[in-house]
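The following pair of complexes shares a single chain, subunit A, combined with subunit B in the former and subunit C in the latter.
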Partner chain A sequence: MFLEIKNISKSYKKEKVVKNLNFSLDANLTLSVLGKSGCGKTTMLKIIAGLESSEEGEIFLDAKNITREKAEKRNTIYLYQEDLLFPHLNVFENIAFALHIRKLPEKVIITKVKTMLDNLELSGQDHKMPNELSGGQRQRVSFGRAIISNPSLLLLDEPFGSLDSLTRNKMQKLFKNLSRKYNITSIFVTHDLKEALLMGDQIGLMKEGNLKVYDSKEEFINDPGTGVQNEILFWDKLKTGESVEENNSI
Partner chain B sequence: MKISKHQLGIVFFILIGVVPFFGALLYAVLYSFGIVGILNEGFTFLFWKSVFHSGDFVKSLGYSMSIALVSVILSVGGALWLAINFTRNFQSRFFSFIIYLPLAIPGIVTAFFTFQLLSKGGLFSRIFHRLGWIESASGFPDLVNDTYAIGIVLAFITLVLPFFLLLFLSVYKNENIEQLSSLAKSLGANSTQVIRRIIVPILLKKTWIVIVLYFIFLLGSYEVPLILGQEHPQMLSVLIIREIKQYDLTKISEGYAIAVMYTIMVSLAALILFLPKKKISHET
Partner chain C sequence: MKPKSKHIFLVFLTILIFFPFIFLVLLSMAPEWRFPNILPQYFGPDNWQTILRSETGLLHSFLISLLISLSVGIVSTLFGFLISRSLYYHPQRKWLNLFTYFPYILAPVVFGACLSFFFLKMGIFGNITGVIIAQFLIAFPYALIFFSSFWNKKIKSYEDLVATLGGNQWQKYSRVLFPLAKSMLLICFFQTFLISWFEYGLTSIIGVGKVQTLTIKVFLFIKEANYYYGAISSCLLIFPPVLLLYINKKYVFKNRV
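For the complex of A and B:
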């Protein structure tokens, strides 16, 4: 397995926010993690990224134990919920950030960034500052900046949460395309059921710090706890004209 | 005819801000060319020539600029260091109080405190003498009214550093620098690179206009260099007041000539500072 998480736990004060986390993920696949706000999704991602420490457990990435490695040494990139761009750098410099850090030759950087800008459909926008971009454009730059450095693992924390539904659909497609093109292994956290189903090759459900990863999408869909059945029922009732007030998702 | 609030604001700005400024400037220009003034006898370049020949203005300008520059660099550097290394500490009430306190102390009081602490007859000199580190007060180094303006620079730092610290802490919070730093680390930057490529550039980019304005403010500072400065050269404001207020009434016009040059210089700097800038695009 490319990523293996073994017995990871984390508490804040006396409250355990991540409980005995165990799962694995093959290379070039995306694991969607569905869960409500405050269920421990962000903490889990930050622990894997090295931005938070765990009290116990181990993390293996490509057979290497990275539990005690610093964030900058892990080659895992954590993408924040907000489309965080460096405000003092333009689009080009934002995307090129990780390449400059790695001290690649300037020519290589220019070629790579130009290709990435094409892939992101942002050609000609390279000189713009973050405050001159729309929400969708900012999120694309944020993706491009993460992917261009060829990370071993990409950790996405509700990346489309602030986008309108149309832009969100576009971004979901773009992410799928880029994932395939650059062979990205990723964990995609979301509280949107449809998005979890669309984005993940594997799906997990996180509740009160516990993560359950399903063997297949069918198993996820058939589990009443995931809310998929409720959702199907909602649309069926809507079609037949029945009352839909009592419907709840997870 | 109805006057809108906006128009009323402009009228007040012109009456309170523009008219007195240009009135005083015009008066100073006329005085410096001998057109007005008690002993002046009509238009002449004499006072301007005299100012340039004496070299006092140029010396004083260079001296003032050096002091202001050193003070701003040390204050900004110190405030950056504190803001980066102790961000979380300054969120506590006690530390906030400590930063705000110096802002409430006027420049003249700071200058007196500095004099009381650092002069040859001051507190530190007495402590050093009591400890046996110096034999007499004259053995204490010149830290006030000295050639290198150490006293002035220290007083300026005491006055300005807390302000910059508050400014940087506020920008640190508003610009989400903590998250941006984590993100940069996640992208492979080490702690030094995070400081060099993210924290410092963002803080300076967001505050550089204030930094330049503080430089101009220190350039024209009066009370601190008056109390802690040396006899010659003096900082610009002290020189101007000395010329205008001196017993020899013919020197007043020279004082006004210096004041006019200083005003034009500062106004030009402010104009350049606030003029819209052209964007530089990155070629790919």
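For the complex of A and C:
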């Protein structure tokens, strides 16, 4: 297994927010993690990224124990819901940021960034400042900045949460394409059921600090606790004209 | 208000604001301008040439003031920025922030008197180092309070992002935090420089007359009723702030548009 999480736990003020986390993920796959706000998804991602420390447990990435490694040494990039583009840098410099940090030759940086701009459908926008871009474009630049440095693991914390539905659909497709193209291994956290099903090769459900990873999408769909059945019932009832007031998703 | 009268009013207001400064320059170039003469008998740079002479020590005071204020401004701004970050992440930051107001509870003269015992023991009483440290103790808390508004959750997210992108501490500061705080750093430097530049009470106690900054010199000339030298030293006193104001306007406010 490429990523192995063993017995990770974390508490804030005596309240356990992540409880005995155990799961693994193969290389080049995406694990979608579905869960309500405050269920411990962000804390889990931050522990894996090295931005928070766990009280117990171990993290193995590519057979290497990274539990005590600093965030900058893990080659694991954490992406927020906000695009967090550096406002003092233009599109080119934002995407090239990680490459400049790694002190790559300027020629290599230019070539890589230009290829990335093409992949992101942002050719010709390289000189623009972040405040000149739309929400979708900013999020694309944010992806490009993360993927260009070839991270071992990409951690996405509701990255499309602030986008409108049309832009969100476009971004989902773009992310799928980029994942395949750059062989990205990722954990994709969302509270959107449809997005979790679309984005993940594997799906997990997080509730009150516990994560359950399903063996298959069918198992996930058939589990009444995931809310998929409720969702199907909702649309069926809507079609037949029945009352839909009591329907609840997860 | 009609456009014409508004224009006249604005011109009048501008003259009113700039008149004291223009008058200071005129006074500094007219060494023998006494009542009831409407115009000075001599008008020229004679007085200014005395700056270069050692007897008044004005040039020396100007350079000392510049050295002290630049040191206080740079050190307070840099330390204020770095320490305010540590304060933001400290679990007891509310209490620690409260302590930063302590130097302002006391009048500078009283504060200076309290410090003088320790400065005397450390052997920095009556020298430039002592004055720099004393002024730093006033300017540094100001910088801490000033930068406390810079740190927030978004800046923390930027810091985390740089770390996961592979950036070390130095790269985090040089490539992200300093550029993000550029305007604030410039303003803070400007303010702490001014605090130091116009500081009188604390400097006169810690400097005990041995460290004669330009502000001290201005007071001396005024006490001696030497208006002409007073005017020159005042001109020198307002020159660096005017220059900094120009730099601030050109770079800080331009960046904000």
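As a convention for this text, the second predicted complex is superposed on the first by the 250 of 250 C-alpha atoms of A that agree within 3 Å, B and C clash if a C-alpha of one lies under 4 Å from a C-alpha of the other, contacts with A are read in each partner's own complex, and residues count from 1 in each chain.
Just so it is clear, a contact is a pair of C-beta atoms (placed from the backbone, for glycine too) under 8 Å apart; a residue touches a chain by one contact, two chains touch by 3 or more.
Given the structure is predicted, the values throughout are model-derived calculations rather than measurements.
> Quick one: subunit B and subunit C on subunit A, clash or fit?
Overlaying the two complexes on subunit A (C-alpha atoms) leaves subunit C and subunit B clashing.
> Touch check for A:92: first (subunit B), second (subunit C), both, or neither?
first
> Check the contacts made with subunit A and report whether subunit B or subunit C touches more of its residues.
B
> In the superposed arrangement, which partner chain does A:75 touch: subunit B (first), subunit C (second), both, or neither?
A:75 contacts both subunit B and subunit C.
> Where does A:157 make contact in the superposed view: on subunit B (first), on subunit C (second), on both, or on neither?
In the superposition, A:157 contacts neither subunit B nor subunit C.
> Once chain A of both complexes is superposed, is A:126 in touch with subunit B (first), subunit C (second), both, or neither?
Only subunit B; A:126 stays clear of subunit C.
> When the two structures are overlaid on chain A, which partner does A:84 contact: first (subunit B), second (subunit C), both, or neither?
The answer is both, since A:84 touches subunit B and subunit C.
> Answer with first, second, both or neither: which of subunit B and subunit C does A:145 touch in the superposed model?
A:145 contacts both subunit B and subunit C.
> Does subunit B (first) or subunit C (second) touch A:114, or do both, or does neither?
Touch partner of A:114: subunit B, not subunit C.
> Classify the contacts of A:195 with the two partner chains as first (subunit B alone), second (subunit C alone), both, or neither.
Neither partner.
> On subunit A, which stretch or stretches are contacted by subunit B in one complex as well as by subunit C in the other?
On subunit A, the residues that contact subunit B in one structure and subunit C in the other are 49-51, 70-72, 75-78, 80, 82, 84, 86-88, 97-98, 100-102, 145-146, 149.
> With touch defined as at the start, can you tell me which subunit A residues reach subunit B in the complex?
For subunit A paired with subunit B, touching residues are 49-51, 70-72, 75-78, 80, 82, 84, 86-88, 90, 92-93, 97-98, 100-102, 110, 113-114, 117, 126-127, 145-146, 149.
> Can you list the subunit A residues touching subunit C in their complex?
My answer: residues 46, 49-51, 70-72, 74-78, 80, 82, 84, 86-88, 97-98, 100-102, 145-146, 149.
> Touching subunit A in the complex: which residues of subunit C?
154, 157-158, 160-161, 163-168, 171, 175-176, 179-180, 182
> Write out the stretch or stretches of subunit B touching subunit A in their complex.
Those in contact with subunit A are residues 175-176, 179-180, 182-190, 193, 197-198, 201-202, 205, 279-282, 284.
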